[in-house]
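Following: one structure in structure tokens, then a few remarks.
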Amino acid sequence: MKLKEIAEFLSLDYRGEDLEITALNSLLRANFTELTYCDGEKNIKDVPHTGAGAILIKQEYENLVPKDTKVLISPNPHLSFAFLSKLFAKPLFSNVKEKKQDIAKSAKIMPNVYIGDNVNIGENVVIMAGAYIGDNVSIGDESIIHPNVVIYNDSKIGKKCHLLANCVIGSDGFGYAHNKNGEHYKIYHNGNVILEDYVEIGACATIDRAVFNSTIIKRGTKIDNLVQIGHNCNIGQNCLIIAQTGISGSTELGRSVVMGGQSATSGHLKIGDFSTIAARGGVSKNLGGGRVYGGFPIMLQKDWLRLQAKIALNFKDKD
Amino acid sequence: MKLKEIAEFLSLDYRGEDLEITALNSLLRANFTELTYCDGEKNIKDVPHTGAGAILIKQEYENLVPKDTKVLISPNPHLSFAFLSKLFAKPLFSNVKEKKQDIAKSAKIMPNVYIGDNVNIGENVVIMAGAYIGDNVSIGDESIIHPNVVIYNDSKIGKKCHLLANCVIGSDGFGYAHNKNGEHYKIYHNGNVILEDYVEIGACATIDRAVFNSTIIKRGTKIDNLVQIGHNCNIGQNCLIIAQTGISGSTELGRSVVMGGQSATSGHLKIGDFSTIAARGGVSKNLGGGRVYGGFPIMLQKDWLRLQAKIALNFKDKD
Amino acid sequence: MKLKEIAEFLSLDYRGEDLEITALNSLLRANFTELTYCDGEKNIKDVPHTGAGAILIKQEYENLVPKDTKVLISPNPHLSFAFLSKLFAKPLFSNVKEKKQDIAKSAKIMPNVYIGDNVNIGENVVIMAGAYIGDNVSIGDESIIHPNVVIYNDSKIGKKCHLLANCVIGSDGFGYAHNKNGEHYKIYHNGNVILEDYVEIGACATIDRAVFNSTIIKRGTKIDNLVQIGHNCNIGQNCLIIAQTGISGSTELGRSVVMGGQSATSGHLKIGDFSTIAARGGVSKNLGGGRVYGGFPIMLQKDWLRLQAKIALNFKDKD
């Protein structure tokens, strides 16, 4: 889509040279045919380093934009971007008459399964009744997709994965831009989800797709029932994430991290290798790793236990 | 159904004039052809103001009933009501041979979808594979019902809504009456769910139907994955309710309320306009609105942060 | 399967008498044709009392094994057991050409339902669209299986149960054995789930199957939406478990226990009859019963309320 058409669609003034925009992307990943945006504040430092073909930005930051990047001035770049995300959204499913599917003969497909276009299903894969496999999905050898699982378009499932009943892979993340009246505009998520080999996803767990690029669950990680993994998370190898835990968007877990039941993290955090978060631990800052943390606000679990004991001692027994 | 038949069904003594009862309803909403109930205690104050045709009530409160309302004395009105709720429950699905369906030609219906009787589906609606659309459901223009979503009978879905995979709209609320042996009797929920326009419901989120009348999610409100909304809740316009939050029955949120991840409320509360509840906040009292609250018990978020800092300072460092 | 074949499959040395092994089981339940395992530590006390035909055990504990039980020495018995659990796992569904099904004529089966082999469905049962009924499942009279519910193989559902939309009964529990590199090996769960009569399971709730034997929900217990019940739990009669609660594996609840919303328990606990756990209560020790508990760490709810008031008084108001 031409940059001038985009400007017109967004009712923004643009008089520079035109450019074919092929996709939207983040500040540091966008290339010279892609459009990015900067809302200011926390991302402003990345503007001078963008390689994007064009950028949606507030007027006050225009001078920070590299000279090869074309500038679309918007009073609310995040909102302009939300509008555009719909324009660039892939269809939820294609309407081709003859779907192209590469399904191994050894795969077993039960009844009432929906399989989209351009799907690749490996050797000995089992797809149980009621599952939904969106367009452009690939499923590696020996993986088992349990009943009524939903795998949205573009998801990549590794080998020997187990996806338990009613889990959802690749739903849009919870991202909205807001106008002055407090109305929320959906950001269509054009990234995907990648599950590497030997990943297990529990029943009714939900893994959101990335805005751009991928939400990634690395090799050997096991996720329990009713867990929520937000958009653009990156979960390391061999993690264990126990039931009803919530990982907010863009948070990264290192390898062999254990998250206890009903624990949680804020977004955009880094939790180091070999961290253990005790049940109910609420992580709202980066953690170095290699230790056992607990409580909310988060601290070392041994400190939390000692703290609770002292509180009880000081307050509980005397009246 | 005749009031005398109802009395007989419940093994209650009734010798007054007979009356055709058309439905069950709450004390203040029941009209002269409807039956209501009062358990005593918290609802007793409303008894003199009921316009119900008949009431199930304990003998000790009989004198409070208006003279135009017929009286069925029950030692356990809540239990009697539970029994009756089953009698008045609509069938989960009709068995008509030819279902009446008004589906716009522009709507796209994928395979393996179930659509009930008396369903109305608007222009450009998309219903993805495996979805269940119960009887008497209406879905407004441009809404998208994702794979394996369940919409129970009588739900009303507005325009441009997005219902993500495996969410459930209109399941019975968690309401039971109890006998002296501690056995629980299901209250069949004969109300419904209304989602106004521009509402989004996350994957594996659950919205319970009302006992009577409607659970309402107002225009522009966005609900994340794995959220629970209890029966008879009323969620205002443009709210954001983040993943794994639970709103208990009959609670009302004003407009533009934000509920952080894993937050929760008790039932029968009012949370004022423009309130923000921080992640994990647990609301057990009414909140005025316009401020940021956090912690459990709930307080102002800035107080909670200061409190946690002081606790740590006083207890954590000295041994 | 012969014990010598098992030893060979696990690359373990075994020179004793051979034995036909019919199943895997726990230390105290295994009989003389079954194989069990002991990792040491907490289960070591049960080794002398096992009636198992054979045991996987570390060399250092070999002398504790009864003389009638054959010994397979393993450096990591838990991991050896995980490998074996796959070998003994039942197929997720059978491939018989003609499925044997005993379905009452009065039962109603909606479209797009999958029903496996050797299934027994009672009088007036309703199975709504999109439900999955695995092999060897039985469903008692008058029970209602709502849309898109998944009931895995071998589950036993009592009479007059209600299973609400998208709940999952009998998914594998979250159990793994680990090797020295921190890689997790799935333990295939060969037990099942039993729901007794009058049980209700909420929308998107998940009930995991047992490793051996059964996860049991007793008569009259009601479970709300988005609740997680771990493998091998035993939930007593007439309990009420409110939304988003998590019960960890092998925990036992007595009768008439109430678990408030978002409450939780650790694994392997006993919670006595008539306990009430307030909303958000986190149980990490055994509880005697008959009282109201709350907080995390758990205490009497009245103590928790008093404690919170005192903390606020001491820290909140003075600066």
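Which chain is which? They are A, B and C, in the order written, and residues in each are numbered from 1.
We take it that a contact is a pair of C-beta atoms (placed from the backbone, for glycine too) under 8 Å apart; a residue touches a chain by one contact, two chains touch by 3 or more.
Given the structure is predicted, the values throughout are model-derived calculations rather than measurements.
Put simply, chain A has to spin 120° for its C-alpha atoms to lie on chain B, with the angle rounded to a multiple of 5.
In a homomeric contact, the two copies may use the same or different surfaces; for chain A and chain C, under half of the interface residue numbers are shared, pointing to different surfaces.
Between the Cα centres of chain A and chain C there is a gap of 31 Å. Multi-chain contact residues of chain B, defined as those touching 2 or more other chains: 112, 130, 148, 166, 204, 226, 244, 262, 311.
Those residues of chain C lying in contact with chain B across their complex are 110-112, 126, 128-130, 144, 146-148, 162, 164-166, 198, 200, 202-204, 220, 222, 224-226, 238, 240, 242-244, 255-256, 261-262, 279-280, 308, 311-312, 315-316. Residues of chain C touching chain A in their complex: 92-93, 112, 114, 130, 132, 148, 150, 152, 166, 168, 171-172, 174, 176, 182-184, 186, 204, 206, 208, 226, 228, 230, 244, 246, 248, 262, 264, 266, 282, 284, 296-297, 299, 303, 306-307, 310-311, 314.
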